[in-house]
Amino acid sequence: MNSATQFKPGDRVTVKFQDRPGHLRTPWYIRGKSGWIEQVHGEFRNPESLAFGHDGLPKKTLYLVAFNQSDVWGRTAAPKDKLLVDIYEHWLESSAQEREECEP
Amino acid sequence: MARGHHDIGGLPGAGPIDQSEHTLSDWEILADAVNQALGARGVKRTDEMRRAREEMDSAAYRDMTYYERWIASIEAILIEKKILTKEEIDRKLSQFESKWGEP
Amino acid sequence: MSDAGNAEHGHDHPKHELSHYAKRIYAIRDLLIEKGVITEKDIQCQIEYQEARSPANGANLVARAWGDAAFKGRLIADPKSACAEMGIDATAINEFVVLENTESVRHMVVCTLCSCYPRPILGRPPDWYKSFNYRQRAVVDPRSVMREFGLNLPDDVEVRVHDSTADIRYLILPLRPKGTENWSEADLAKLVTRDSMIGVMDPLDAIPE
């Protein structure tokens, strides 16, 4: 059974700060950071399960998530610069806060 | 849980990018081909190989070269899947070493 | 670092001088063939497949895209089909995305977690792409990396760094150099360096040295 796509382009999201064993493809530096959905890549088998010889099902939705560089590293980067990471749906949650400075 | 030794984006202390390139040795070409052949035959997945490298000893991860890490993970996964044993690899290697002329 | 150490060994050393793991691959290869897990032919096929893949494939795609707007549209919309048009076999890529550079936007690709790279198009990644220094620095200070490759961008150009963490493989479509109007595809392709398709530099200038 495939999960319904939870997010759409433009949605504000925060990367969950999960810290558990296993093969995790969400980089440490982006956990807990907030950005927005740039694109929906589609559904893919879950690498966390594939890595242990399982079938990776059910597929998970993969998103291209964009972040302002200055929001990720907490210091001044060139103001327009962005960081884009391919992140699976189960790592994302809706951002609660409105952030006036976060313009895509 | 600590951050994995492979999960290095943004870590401080990195130096200049060494842009020099090396021609691949025979053993590196072979490692690459064996890895791809095992994948093509459905014996292992790239995700399993990545996980094996993440599970390596952290000092070894930093000290080994790229293809050495590949070979270590190929060996680890083949042993985990009970396709080969460490003992038979050791035995085969001893046979080679006597042929290659250990000093 | 240890990867740079290999730069000294351009030719092969006697096998008894190889490192621990380097020797083991020979034993592993033989055992796998003896047990019928893979064949000698499998290995040979993979070696040949890899030899056929090089940055020239990418350069040809880019050169055609620069000269042919309709092809460029197809390349961005469906890169695998556009590759097939040019006889480039991109079928091994699960998901292929082309990122177009413009006067106001530059893209750069890294795999911080390992070394994911569009191998079926460009061949093997360069050592520097797989290095710890690149993987650490590319996401936090891409402009300093670009400066090392000779690219200095003003702040009003947006730098977009992609960390290739999943099955998507990214290829940069670099900005066409000025002064190349009416150039042939073959001449355009010569300006498209591998590193410009990773995004750490722009293509070569049209002005000959």
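Labels for the chains are A, B and C, by order of writing; each one numbers its residues from 1.
Rule of thumb we're sticking to: a residue touches a chain if its C-beta (ideal position, glycine included) is under 8 Å from a C-beta of that chain, and two chains touch if they have at least 3 such contacts.
Please read these numbers as outputs of a predicted model, since none were measured by experiment.
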Ranked by contacting C-beta pairs, which pair of chains comes out on top? B-C
For subunit A, which other chain has the most distant CA centre? B
Gap in Å, rounded to a whole number, between the CA centres of subunit C and subunit B: 21
Expressed in whole Å, how far the mean CA point of subunit A lies from that of subunit B is 29
Where subunit A and subunit C are represented by their mean Cα positions, the distance between them in whole Å: 24
Please set out, as single numbers or ranges, the residues of subunit C touching at least two other chains. 112-113, 139-140, 163
Specify, in ascending order, the residues of subunit B that touch 2 or more different other chains. 7, 9-10, 50
Multi-chain touching residues of subunit A, meaning two or more other chains, are 27, 29-30, 47, 73
Show me the residue ranges of subunit A that touch subunit C in the complex, using the header's touch definition. 25-27, 29-30, 41-42, 44, 47, 62, 64, 69, 72-73, 78-88
How about subunit B: which of its residues touch subunit A in the complex? 1, 3-4, 7, 9-10, 45, 47-48, 50-51, 54, 81
Can you name the residues of subunit B that touch subunit C in the complex? 6-34, 36-38, 40-41, 43, 50, 53, 62-68, 71-72, 74-75, 78, 83-84, 88-89, 92-93, 96-97, 100-103
Subunit A residues touching subunit B in their complex are 19-21, 23-24, 27-30, 47, 50-53, 56, 73
For the complex, give me every residue of subunit C touching subunit B. 1-7, 9-16, 18-32, 35, 37-38, 42-47, 49-50, 110, 112-115, 124, 126-128, 130-140, 145, 148-149, 163
